[in-house]
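One structure below.
We just call them A, B, C and D in the order they show up, numbering each chain from 1.
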Amino acid sequence: MPILQGKGLTKAFGGVEAVSNLDFSIQERAIVGLIGPNGAGKTTLFNLVAGAFRPQSGRIRFLGEEIQGLKPFEICHRGIGRTFQIVKPFNTLTVLENAVIGARFGKSSKIFDSFDPTPIALDALEFVGLIKEKDLLCDNLNMGEKKRVELARVLATAPKVVLLDEVMAGLNPVETDRVMSLIQKMRDEKEITVFMIEHVMKAVMGISDQVFVMHHGEKIAEGLPEMVVKDQAVIEAYLGERII
Amino acid sequence: MKGSLKSILLLGLFLLLSFFPFLFPDPYLIHLLILSFIFSVLVSNWNILFGYMGIFCFGQQAFFGIGAYSSALLALKLGVPVPLSIVFGGFVASLSSILIGLPTLRLQGAYVALVTLAFAEVMRMTCSNWVGMTRGQLGLTVTALIPGAGRVGYYYVAFLLLLLSTIVLLKVMRSSFGYVTVAIRESQEAADSLGINVIKYKISAFLLSSFMSGLAGALYAHYIRILTPDIMSLHLMITILVMGMLGGIGTLPGPILGTFVLTFLSEYLRDFAQFRFIIYGTLIILAVLFVPGGLVSGLRSVETKLKGKRCQEGSS
Amino acid sequence: MFTASILIQQIVYGLVIGSSYVLMAAGFSLIWGIMGVLNLAHGEFYMLGAYIAYYVSSLLGFNPIMSAIVAMAAMFFFGIAFERALLSPLYGRKGWEMSTVLITVGASILIQNLALVIFGEKYKGLPMYFEGELEIWKIVLSYDRLVVFLVGIFLIALLWYLLKYTRVGMAMRAVSQNQEGAYLTGINVHKIFYLAFGLSAAFAAAGGALLAPIYFVYPTVGAGPLLMAFAIVIFGGFGSVKGAIVAGFLLGVFESLVVLMVSSAWKDVFIFVLVIIVLTVRPRGLFGIQ
Amino acid sequence: MYLLSADGLSCGYGHSQVLWDISFHVEEGGIVGIIGSNGAGKTTLLRTLSGLVPAQSGKIEFSGERIEHLSPHKIVERGLSQIPEGGGIFPYMTVLENLKLGAFLPWNWKRISQSLDLVFELFSTLEDRKNQMAGTLSGGERQMLGIGKGLMSSPKLLLIDEPSSGLAPKLVLRVFDNIKEIQKHNVTILLVEQNVQYCLNMASRAYVLENGRIVLEGTSEELIGHEHVRKAYLGI
């Protein structure tokens, strides 16, 4: 049974369907890449799954239960974490405090709760390699580190699935390699299923087990990475049809 | 070593304030301190919304006024014992905050400022127009909290209220609630995605902030003993704003520091009473342009500079 | 209780006040649209305009229209200076929105209290300038009010023309719709900022100057119109000048009717409650883009 | 001498650097392309050239003059116009108003009717829709309006950011035909595209931008057969 599944998802903005009648399904402990040209509706799809938008029609099943229409924080409690295309770290808090927030609220949003989230947060920082920076304010980090703060924060919520929105964008090659191996480690050691929007093809092709391709709000191809890149529709969407 | 110095200073300050009325039985000084205590509570609790959560609340004066009026009226019209009526004042203010908190939840920045300000103005004008109940601009003569007692009694009640408020704020801000407020201010979306029920926390912040402000307002009414709708005027909100910004919003000591400095400052500028608001306006402008962090951040940067110097001296 | 002619009379009064509210709100809305600044000192522009008109009129004996023109010109430059001194240092800063709200609050307090010291707290009124009344079908309208109304309408039309057809006016609209696109079109956006600020101050001043002969002038006279401007942009949509024009007249009439049917003391309460309800239901205003 | 040249250009936002040591040039006449996938830094490069993002180091020269320190409107005044993704149009203004604003600079404003005639000759659709709100145009029409608006500023060099973005292939062809048409009116074009094939079909020469650096340059024929280009785009 797939861990995460969408059926007939549609979301329109002012008459334009950003996601239109889309189906997808993701197996447990897979790394799934989501690619497609600009404006294909990839981030909108993530927002639907993460509860930021409510689909106009369609269903999303997670671990066999329907989750469409739940609030983002409820989706997080169920076990789906996400990062943002434009990083949103809590800049005036330290790296550790960022992770603590994930650990403390990832499973419950109670105002009074006595457990100590710090060990979980430290664990997550250790995992992404930010333990030395734990007392720095996020404001003072570079882009690569900020992206890893977001990863640590999500990991601290103990998710079963994470949605990664262009975590490699804006990273230099060294940082890219580092995040790629991190994602693999997340799957292998933490048994997390990864669904990622990515433009850095090296990463998509290098680590994903399966790739979805979206174009104009629809899924135009899916399959093994090496199969997908040979698909005529995909080549057209990326390279364009031969003009002459 | 530095930490212990700080706690010694704080302890000293606490002891000084505890015995102040006996050490310096100057009624005027005591009066200023009572006002400082009460307004510290108000500004600190406004700071939860404005400084910590980033909610542009421009209607805190309404909670202060609602607390004052409901407590005064309960004591006056229904004969409720004053200590009880003050607590009720807090609750009424808290209830009213739901009324204004809910509409602001979906709004952004400037719209929030607008709605909260409109709310406070509605409350003020209602009190002003509902002459049968509030006597309007003529004002209510409020029952004393401690009949026959002098200022010293009020001094300790106000001091206790400030201690209570500060302890609650310390507890709350050191708890995960403190992180939540900052998280919501920095990015509501990210906070939501990490499992924080943003709406619940915002409403809680409104409830707490307005409850404390209501208590402060009620105590103020029973101390000053004359209550007019002007208590909810925009002037009070401006004063709150200046006190907060002067001390440094988004910090715990900032609002208290700002309140004390401004209360005493404006008393010493008494001769220039008509210039008071000119000075306030100038202070706000200068603060925004040059020291957005207020006195506390100024002090902190001096502190880090000193620290840096010491480190350098140590290493050389 | 009251006759149809009183009702119509009150509606006409509402339109007269409405024209001044429109002058006030159009500039307020313009600044919000172009710069994203909620100018809480806008009421002080109105007040200063009223004082300038008062002094020009009483000391130099200018007629109300001439004094309004002087007030507009003076406040145009004042607005530019205001923007250059207080807002331009904040461009590109973190927390821009909060900083502008705070600094305009500060400026509002400063200007209002300076006015209190300089002009005194006494209400100042001008004698009627155009004597006599116009009477049609039992509706009585003094010539003063009529002149105010006509000049107001003329200025609104002028503003409309400026924004719609002139090069600079079009650039203002462009900046409010797509700032980056405006930069790439060769528009000096910062210059547009201060010109728009000057324009908005001038029109607020016109609102104050025109009503000076009808109502009194005092240092806090700007507070009411500012709150009204708030209400108007919420109904008309933030940033929409067209919406401000429609909403300004509607609210002017609404206010007059509340005064007639309830009492003048409650009129603001009615308007604010309406504002709160509208914002609760439609967080971006009645006609705002959702 | 080149019409536009950049030398050792680096820039970024706050703590994150986006472009490293970019050097390239555009000669007068013709079309030069810049190819890069999403997030490679193409748009940032254009924004830097237009003065919207300050350069951290390096220099930009346009018509023999250093421009990296100029503010955006000064750069437009010198004849370098950019059409951002989506056309950079003003949605609540009519098509005609948008075009007029394209001629905002005083010397262009004076000859507005001639420029309008030229634009309407090139894009008859725009004339048919001149009183329609720009926001109600279709994607292809918006792109045309963007190009028309750019032309109204009588530029020497036109930077065009992803004209194919969000358009159906048929429309893309039309937009590219339009671009070729403009070129005949003494306008040099720097075309930025994530769509390799489209770009190389248009340009005579191109640069490949990856992770904020230029990794390849060459004539279109060289690039189209280049192993790396296919690899960079599809990871084969």
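Brief remarks on what is shown
Note that in this section a residue touches a chain if its C-beta (ideal position, glycine included) is under 8 Å from a C-beta of that chain, and two chains touch if they have at least 3 such contacts.
Everything numeric in this text was worked out from a predicted model, so none of it was measured.
A centroid comparison over C-alpha atoms places D as the chain most distant from chain B.
Here the chain pair with the top count of touching C-beta pairs is B-C.
With centres defined as mean CA coordinates, chain D is found 42 Å away from chain C. Chain geometry summary: the mean Cα position of chain A and that of chain C are 49 Å apart.
Put simply, the C-alpha centre of chain B and that of chain D have 54 angstrom between them. Note on chain placement: the centre of chain B and the centre of chain C lie 33 Å apart, centres being C-alpha means.
Arrangement of the chains shown, judged by which pairs touch: one closed cycle in which each chain has exactly two touching partners. Applying the touch definition to every pair of chains gives A-B, A-D, B-C, C-D.
Put simply, chain C touches chain D in their complex at residues 167, 170-171, 173-174, 177-178, 180-189. The part of chain D that touches chain A in the complex is made up of residues 15-18, 37-39, 85, 162, 164-166, 169, 172-173, 176, 194-198, 201, 211-212, 231-236. Contacts from chain B toward chain A in the complex involve residues 175-177, 179-180, 182-183, 186-187, 189-198, 200-201, 204.
On the chain A side of its complex with chain D, the touching residues are 37-39, 140-143, 146, 166, 168-173, 176, 199-202, 204-206, 225-226, 229-230, 234-236, 238-244.
Of all the residues in chain D, the ones that touch chain C in their complex are 50-52, 71-73, 76-77, 81-84, 88-93, 97, 100-102, 104-105, 109, 149, 153.
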